[in-house]
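A, B, C and D are the chain letters, set down in written order, and residue numbers restart from 1 in every chain.
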Amino acid sequence: MPEYPTALGAASKDTITLLGHDLANDVMGEVSFGELAFWLATQRRPTPGETRVFEAVLAALADHGYTPTAIISRLTHLSAPDSVQGALAAGLLAGGSRFLGVTEDCGRFLHDVLAAQEQLPTDDAGWDALALETVRAQREAKRFVPGLGHHVHKDGDPRTPRLMAIAAEEGVTGPHLALFAAIGRVHPEVLGKTLPLNGAGVCGAALADLGLPLELLRAFALLARTAGLIGQLAEELRHPVANDIFLSVDLNNRPVDPDPYVPESF
Amino acid sequence: MPEYPTALGAASKDTITLLGHDLANDVMGEVSFGELAFWLATQRRPTPGETRVFEAVLAALADHGYTPTAIISRLTHLSAPDSVQGALAAGLLAGGSRFLGVTEDCGRFLHDVLAAQEQLPTDDAGWDALALETVRAQREAKRFVPGLGHHVHKDGDPRTPRLMAIAAEEGVTGPHLALFAAIGRVHPEVLGKTLPLNGAGVCGAALADLGLPLELLRAFALLARTAGLIGQLAEELRHPVANDIFLSVDLNNRPVDPDPYVPESF
Amino acid sequence: MPEYPTALGAASKDTITLLGHDLANDVMGEVSFGELAFWLATQRRPTPGETRVFEAVLAALADHGYTPTAIISRLTHLSAPDSVQGALAAGLLAGGSRFLGVTEDCGRFLHDVLAAQEQLPTDDAGWDALALETVRAQREAKRFVPGLGHHVHKDGDPRTPRLMAIAAEEGVTGPHLALFAAIGRVHPEVLGKTLPLNGAGVCGAALADLGLPLELLRAFALLARTAGLIGQLAEELRHPVANDIFLSVDLNNRPVDPDPYVPESF
Amino acid sequence: MPEYPTALGAASKDTITLLGHDLANDVMGEVSFGELAFWLATQRRPTPGETRVFEAVLAALADHGYTPTAIISRLTHLSAPDSVQGALAAGLLAGGSRFLGVTEDCGRFLHDVLAAQEQLPTDDAGWDALALETVRAQREAKRFVPGLGHHVHKDGDPRTPRLMAIAAEEGVTGPHLALFAAIGRVHPEVLGKTLPLNGAGVCGAALADLGLPLELLRAFALLARTAGLIGQLAEELRHPVANDIFLSVDLNNRPVDPDPYVPESF
């Protein structure tokens, strides 16, 4: 008979533990939700400074207004109001490579650059040199630098300097943020124009510096977004827009003739 | 052209706001994630005491070990490792009426009892009288009292007194918790046996006392569970069990003859 | 060690069976997909006539243009193009009580009326009498008759007579369709106006007459819709509209002040 | 105001069309469900032979017993029995790269090889030469050949010759199946052992030969699986196993100490 080990929740008749601690007495009322989420993901308790940076990231990613995730959750609720879990799940399914992926892509990208170095830089000049080399290599490979550029905040994304400042205040700036900041300084020299370091990217850098698993960077964006989607559903319940969205599409449909699909011929 | 009002996230070229506040300067680094989730759901900022109770509820519901939600997320990750959002969404879809529903059911049940009173009790004797009447009515209708009973913690669920104590410390005990506590005191008189007030139930009572929308009580359980599922996936990545679970079922399948479905005849 | 019986798929080194039949030789190339879906759901092989009616229902429900399910699948694909399963799953999650629920509601409603009769009518006059009683009871209870009325096809839903004709041709008209047809004939006498019997409703009546499990009537609508959503995604890949839909909402957002939620007071 | 063109479903007061055809009169009762699914995906009506091959593929992929998709749907239903759409959606979310991905991977792989040829072979000897070159290149790159090998059907997957025979009977064998068959003939020469061409792989080759969009090959596997999952849920309703599966994991949990995650250091 197989056994299934776990360090997470466990219960016996009289006690409940979570991560080896008494849930009722040592976790409830003692550990904030952000701290607990970090702890669950890493099985180590974060410091107050780490928790503050982590919660700042979650705040940065929680809600961006009428994103596809928000529209989808509202439409799902319109159509299946009996299933709150379905409305949240459908919204999260839009948290894929394109809209929430930058956080993960940026964290992984910075990590890969760092992992390829024999020794990390020790001063700003060193970081600038590494950043220059990095941006040049991407440009030569005709690839974008993840986290660089924003379609709205063209002169700077206000979340970026703020998160960097919070990380610095808490003493948790690490090599991912250092490299990301350097990319912000040097990229105009290569690209010939100044692009903003975007908020999703700096969040990925910060999460990586916090030592969180790279495979789950997107998962933290999804956790933040779950809180945002609850906000969207709460607003939809009182000030509904989903039916208007649905009708704005349905009533503006235009029937066209079928366009038979022709596969590539050889 | 329809317009879509929202008080949640908004962005212009130089600013980002959330709930009317400057996201970078007034929310990031200033507002904990639990506080923000409460704020997003109600569009009002909770007090520190409300936040502490809310985060205690989230801690109580975050992870209960190998629940169906946890097993499902791990199996989905086994099968589709490229889609973290799919693994989280699939797990949340099991957060329905049976396993995560008690929180919502209990909050709604207490609310309905309270809403039917012309005047609420003002002392313990009054609450006990209302609780007695309530339990009797359920018994006569052959219905369970939501939140009463637990298949493991038969002598008491440790989360219940703890959450009541935290709510009392923070001065946010309201009529839902008062009635729930009274049900705990008086039900043996009606049912002839002593059952525990369970943790999922007390969480529903506390969320209702915090003034959160009843339609979304299940959503807060799902938010808590999202953090728990990230913990499950993080553990699965390093100490996988999903393939063993899959094989324990698949290798113990027993082929049987088809059993043709016969609908009810009239 | 528990065992898990199943009459569905099974495999050994040299054979694969499905429902007790050799998959390769007796199912592949011999059984149409609609027939197989029916067989899987009931563990009995349908007759050709039953299959034709079943497939006519699936055709009726496969795609209705820009429904919430279609919009959601397209938006999910826009946002997470790497996960086809996520785009389909998100669309199906909108297949709940409101948009796809009529099929199930109507089938169950007719069933409940039939199950309450000691003896079923044997001629049109008898069905009309039962239908009259049924519509009157709903009206007195201030409840709608499921399947009656349509916001677009006010003079008649073309799917309804067609499905009834196909069922009659195949000799599989049963009591659900008989009662539904009678409701169509007699309701003006009670309601004072003529409403169409809608397509979703007649599909529910037909599925119930085919002897399919009532708990899964919605599931067949979802199967039909899966084919429709693949069509939507295929069209989105070549003639994309999801980004326009997203922008039509996002660019027309109107920031408003927060509206603090005030729970019902007692 | 944007317009949203579509060739799929459209409705006016008196008519409903699908793909430009009268739904009630020209589709319902006239077009099988498999044929309709093909038509929706390509906007061209398949021939009877194409439909037969397509439906044989769907039959081959509909259900494989207690796969993760099946276990997940059953567990989701156990936990949230009120939401059939959630149980189906959760099961489909496990239809990702690993368990249902071979169909897509194999179709794409064969396509890429074919697209790189200036001219396609015209006889078996030519196909064998191309296959040999292809298997060698994969081996040198230390990559598997998609569709080659099966952990159970080591001496041959019975679906493979059967699907090839059906395609040949219907005259729709194309270059993907030709190359796949040649790989089956020549790979022992390179790999030093004989592996079976598996059923998921041959399905991918056949779908590609049918001219279906490569981006959606996985979607057809998911359509087939939707029918299978309805079968699983139907069986679960009458012969439930999900609670036993859940308990077999939960009761065999083994609490272990937390294992703090240590990120890679630089």
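Keep in mind that, in the parts below, contacts are C-beta pairs under 8 Å (C-beta built on N, C-alpha and C of every residue); 3 or more make two chains touch, one makes a residue touch a chain.
Since the structure is predicted, the reported quantities are computational estimates derived from the model, not experimental observations.
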Report task. Mind listing the chains that sit against chain B and also against chain C? Result -> A, D
Report task. In steps of 5 degrees, what rotation angle do you get fitting chain A onto chain D on the CA atoms? Result -> 180
Requested in this report: Provide the C-alpha centroid distance between chain A and chain D, rounded to the nearest whole angstrom.
Outcome: 31
Requested in this report: Could you grab the centroid distance between chain B and chain D? Build each centroid from C-alpha atoms only and quote it in angstrom.
Outcome: 37
Requested in this report: Could you put a whole-Å number on the gap between the CA centroids of chain C and chain D?
Outcome: 25
Report summary line: Contacts with two or more other chains occur in chain A at residues 1-2, 4-7, 10, 41-43, 65-66, 80, 82-83, 85-86, 89-90, 93-96, 100, 213, 234, 239, 245, 248-249, 253, 259, 261
**Report entry** In the complex with chain D, residue positions of chain C that touch it
**Finding:** 2, 4-16, 18, 22-25, 27-29, 31-34, 36-37, 40-43, 52, 55-56, 58-60, 62-66, 70, 83-86, 88-90, 92-96, 100, 152-159, 161-163, 166, 169, 199, 213, 215-216, 218-220, 222-224, 226-228, 230-235, 237, 239, 241, 244-245, 248
Query raised in the report: Taking the complex as given, what residues does chain C use to touch chain A?
Result: 1, 65-69, 71-72, 75-76, 78-83, 86-87, 89-90, 93-100, 234, 238-239, 242, 245-246, 248-250, 253, 259, 261
Query raised in the report: Which of the residues in chain C come into contact with chain B in the complex?
Result: 1-7, 10, 17, 19-20, 41-44, 80, 82-83, 85-86, 89, 93, 111, 114-115, 117, 120, 175, 208, 211-214, 249, 252-264, 266
